[in-house]
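Shown next, in structure tokens, is the structure this report addresses.
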Amino acid sequence: MERPKIGVFSLTGCGGDQLMILNLEDVLLDLLSYFDIKDFQEISSFKEDSDLDIAFVEGSVSTKQDLRKLKEIRARCKMLIAIGNCAISGGIQAMKNGQMEILERMKRVYGIEEDIYGVLEPKGLSAYVKVDLEIPGCPIEKEETLRAITSILHGDMPDQFDYPVCVECKLKEYPCVLIEKNLPCLGPIIVAGCGARCPGLGLPCIGCRGPIKEEANAAAELEVLLSKGYDEEHIVNLMRIFCANFGEIKKITEIIRRRSGKGRQE
Amino acid sequence: MVRVEVIDNVLAPSPSRIIKIEKMTEIERLFHVKFLSRDLVERFVYRPGQFVEVGVTGVGEAPISICSWREEPEILELCIRRVGRVTNAIHRLKEGDLLWIRGPYGNGFPMEEMEGSNLLLIAGGLGVAPLRAVLQYALKNRERYGEITVFYGFKSYELMLFREEFLYLFREGDEQKLRLYLSYEDQNDEKCKRLAEERGERIVQGVVTKLFEKTEISPENTYAIICGPPIMYKFVVKELIKRNFKPWQIYLTLERRMRCGIGKCGHCIVGEGNSIKYVCKDGPVFTYWDALNTKGMI
Amino acid sequence: MMYLKLPREDFDAFFKNLQEYGKIYGPVKAGSSAYNFKEVTTLDEMDLSYNRTIVPPKKFFVGLKEKIFEFDEKRAEFREVIEDDPRKVIFGIHSCDIHALKLLDKIYLEDMADKYYLERRRNAILIGIDCHPDEHCFCKSMGTSYATDGFDLFLHEISDGFFVRVGSMKGHEIVAKNKGLFDPVGSEDIEEFKRSQKKRLDEFKLELNLSGLQDMLELAHNSQIWDEYAEKCLGCGTCNLVCPTCRCYDVIDFVNLDITTGERVRRWDSCMLRRHGLVAGGLNFRPTRVERLRNRFNCKGSLLEGMLNCVGCGRCTVYCPAGIDYVEVLRKIAGD
Amino acid sequence: MNRERRIEIAEITRVEGHGRVEVIIEGNRIRDVKMAIFEGPRFFEALVEGVRYDIVPDIMRRICGICTASHSLASIRAIEKAFNIIPTKQTELLRDLLIHGEVIESHALHLFMLALPDYLGFPDVIRMARKHPEMVKAALMLKKAGNLVHNIVSGREVHGMNDMIGGFSKVPNEEELLKIRKAMEESKRTAQLAVDLFVRAGTPKFVESENILMALDPGEKFGYIGDYVTISTGDYYPVEEYEKLTNEKSVDYSHARLSTYRGSPFMVGALSRLLLNGKKLSGTARELFKEQKDLLTHRNSLMNNLAQSIEIVHCVERCIEDIDALLSTGLVDEVVEIEPRARRGVGAVEAPRGVLYHDYTFDEDGRVVKANVITPTAQNMANIEKDLRIATQRLINQPDEKIKRVLEQIVRAYDPCISCSVHLMRIKS
């Protein structure tokens, strides 16, 4: 079998998803040996501008330069795999999307009003190009990633998680932190695959794998958390950490904004 | 604990060799598979309308109805449409490759019970696959059945499954006392139009229910057997009821998510309140009477 | 049935002697108010006054998530994965959970027995224990508050020990082997047992009227009640995963790094999840939460397998993050 | 007329994040040295505005995938200081363990997988592994030992969640800690191998020049957490006054706004820590530090790699020491009451690549009013440019390719983490 030609790229993000691949210490060398690596800036100075069978891309599209780079990658690869929450939905940096204009963010942090970066409101890859597979997480899970890769090498597309963290939480027999500790757990609306890491540590799920697309009942989750005594603003901030670009969450932000009579902070 | 019938691991699939692959359409292929174990061939007794779980290692299993019927089931024919992960993987396989098979499962059509009666087979699209097994069975045991009428609807000539076979029956079926009617949906289908020129009384443009206009169907001593996309059932049943078919004269075969095929995994449960059934175990063949009593069945 | 008394001072010895029948699993505190069946080596690791475990003891017979096969493509091999020693003692199982296992037995063992379930079930010892209902228990209404069979031994606490019912040959063997630890029951013990059972029945607060339930469910097909609860429902699947009578499982294949070997895994599934009714090609037989919710209540309220598919353990209500009360829904359906 | 000569590294490889180097030479004079960053900004300080304190660390630790625990701890410490929360001894030990684990993971990744290929002449670790499989495997196991600390103490390798304000949600148990201990025992040899490799590799001298060094004062023992900054000039400041130290200024030789101390570039990171706090080292690391004292000069920033390797030895031993201390007293679950206050807090830790500051101001409900983060790479930028300038000047007669290789090596020696240093960095593309 000819080794698939791959590239690993990053747009705007923390580098944590590429790092998770490197964190597969036990199998890393074996895994990499299946591929003909043409571009992997984080670990290699070798670079070849060839066509690619698979491109792994992490990070969000947050600048015009990101967008240019993404389009170039898409044009040269057969299969585009978005790795991590940033590449799927814009990630944590999208948290204030629709709430604070990007230039306002620039002003607050850098004290300048001029757009020297060519900034775009952070979004995931699929907002701009066709994405063949999304591996969620902030960061991605090693096991899920490995299984996706072996599945692809086997000739198939991997089976993806489309059920909530609650399922895994029960499979692991963890006590429910929402019920037992009244913690603001987002588990019911967030995609599983992490093995319910946070509830397993007695912590609430903060949603780093993103919502179950077209399925998460965010409105009901809001009601549940309100009934636990959390204030609207905090709940919305919480949901927005990783899910700000999703329709259901946007809707909730709007509802709360209208309810509290607050305008956009501009 | 209840009485237990011990067979070896019922979830363990058996290796079967793909001995022939026929391309039927862009997305449908006919796989001829042969069991590797002689033992299994002997154990594998099935009736038309039953299905098998077909598996590809590393991907999973999918329920596929058996579309052939032979006394000696050394070779099974499976008409597989490429729609999901498993069927995609199956389509990537080549002649000589292995498929992993479990079964046969489900109740199948009550062929003995229908002996002495007329048969009306109504198939839409891929629904022709299980009905082909019924047809093969009935033709092999031709003397046991009365008149056989087949309605077969498809989108276009190119998408017609088992084209050669059915065109042969279309033209020569009368010799075996079989009346085959065809319907095609594509108005611009030149090849079908030519068939209509050839034998207009047996082919019509439109949906399969249009074929009821082509011929007199009597409910007298007749069983109707339907298989097609879910949307088709309601319309076909309506026509049959209009013609005084009783609900127990109508057989349907259903599709559901069936992970285990043996009434355990729970995915195919259908119905409400008083009537809840497993499609894989209690079906996939049901009468319309069952459907009337089981909400959500069709 | 055979009745014996296990004096309190022999309890510890009895527990220790059970170890020869396999690892012992008992109710252990998991959170501030939750319990799980976990392996225990001493009596005091358990809390035998527990109300309910998060997941039911079904996990001992159908693993929560377990490898069932390994395959090897090069060798054209499918190998079943069955544990070496399936012997287990489930200590302190409640009557409702015993009833649930009777239903699971019908599903997994009647025609085409599931080998994994069978092996484990045959090798497990079930030791029941009396419980006291809390505000969510409605097993009395479901007729499952008392187990007449389906266990090997059943322990009923009385003032100076346990009133023991011997429910099977295996149970009989155990008491025979531990003869010295058991006493015959005296008339006072019988009176105390009777009193305690009466008292226990009086403790039930929650009731559900079952009469005509299946008709009520069918008649509620178009009811607004489903919409109302579907709006509240998070669709998280918890109710199914904690249910002792839910039987659904899903199967997934994984490929190892060598790309030619791999495993087939089965995992508990839930009919509240979108994929449950989905077939290849994208058609979903239960596309919305309303349909899924209605389906779940219908399945639980049905007589599938010839018996009620709910044992009144209260888990689905207790663990529902949206606070949906199972009994409340059924009462509304029935118009109570 | 002098011809303009441009030397450009379009994208620095084997570093975290995206950066570019450009040098413009006119005749024998270097007109311009730029290290530009083309990493998209993420505006973390704006993201946490209005956010309640308890989810601030969850957001802020996502600034960086590599030094995630450092950001986490800096963030937590800032909040604890603002709310006057005093962590328990057990918490302090677990945090110490966590950050030492992080340094092992990060340094092992940098030294073996990113930097070493330079010295041994490979484009990457994958190709290096073909020639030196055993060494690379050992390095991966060392890295894994560091990650094991992340996993057990913070919950996962990247963006752990178990370390929180006031302590840890789930305190690791004895069995888990012993697992780390075992991994560390097994890592000792590889850790020392790293030192050998970098000593033997020899370090070029083309950047030799005066460097101002800056590091946190770790207190009694060598370490990575502290509340005061010590500087090679002899100055000493509480971290609350960090703005005096990291004054970001437009300087005449750069297009970027760079951190300078009293107008001069300075250096943070392993070399600074060793040279400023090395006398606080103990055990094998102390011996090695003494042995290599001559090599480890503050005048050669490329020595940062050797310093990192000695730090790994220190970290491996320290993890064992921390675990022994934790086990000797037994582990207990601790609950800390948190009462938000309308106050400011500054938390600092030594990230693997240098001092990291988090600074928050809260309102009375514990919501962030203002936040500021200064990363070590941002602080090093001015010094990197200074070194690039000096090296180019010395190698001016060499061919472009050679200069490029050297420049990239210099940047890499600082182990820059560009993606988290976007802050305060002005790009020019």
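Every chain is named by a letter (A, B, C and D) in the order it is written, and numbering of its residues begins at 1.
Heads up, the rule we're going with is that a residue touches a chain if its C-beta (ideal position, glycine included) is under 8 Å from a C-beta of that chain, and two chains touch if they have at least 3 such contacts.
Just so it is clear, the structure is predicted and the values come from calculations on it, not from any experiment.
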With centres defined by CA atoms only, which chain is the most remote from subunit C? D
Of B-C and A-B, the pair with more C-beta contacts is B-C
Hey, which chain is the most central one here, using CA centres? A
Centre distance in Å when subunit C and subunit D are each reduced to the mean of their C-alpha atoms: 52
Find the geometric centre of each of subunit B and subunit C from their Cα atoms only, then give the gap between the two centres in Å, rounded to an integer. 39
How many angstrom between the C-alpha centroids of subunit B and subunit A? 44
Taking each chain's centre as the mean of its CA atoms, how far is subunit A from subunit C in angstrom? 37
Please set out, as single numbers or ranges, the residues of subunit C touching at least two other chains. 252-255, 262
By residue number and range, which residues of subunit D touch two or more other chains? none
Where in subunit A do residues touch two or more other chains at once? 151, 154, 159
Considering every pair of chains, which are in touch? A-B, A-C, A-D, B-C
Mind pulling up the subunit A residues that touch subunit C in the complex? 27, 30-31, 34, 146-147, 150-151, 153-154, 159, 162-164, 166-167, 170-176, 178-181, 185, 187-189, 212, 215, 217, 219-221, 223-224, 227
Given the complex, residues on subunit A that touch subunit D span 10-20, 22-23, 25-26, 28-29, 32, 37, 40-47, 59-60, 62-63, 65-66, 92-93, 95-96, 100, 104-106, 108-110, 116-117, 119, 122, 138-139, 142, 197-198, 200-203, 206, 208, 233-234, 237-238, 241
Within their complex, subunit B touches subunit A through residues 58-60, 85, 88-89, 92
Inside the complex, what are the residues of subunit C that reach subunit A? 30-34, 36, 54-55, 59, 64-65, 231-238, 241-242, 252-257, 259, 262, 267-268, 270, 273-275, 289, 318-319, 321-323
Complex interface listing, subunit D residues touching subunit A: 11, 13-18, 38-47, 49-52, 55, 58-59, 62-66, 68, 109, 113-114, 117, 123-127, 129, 133, 136-137, 140-141, 143-144, 147, 155-159, 161-162, 164, 169-170, 408, 417, 419-420, 423-424, 426-427, 429
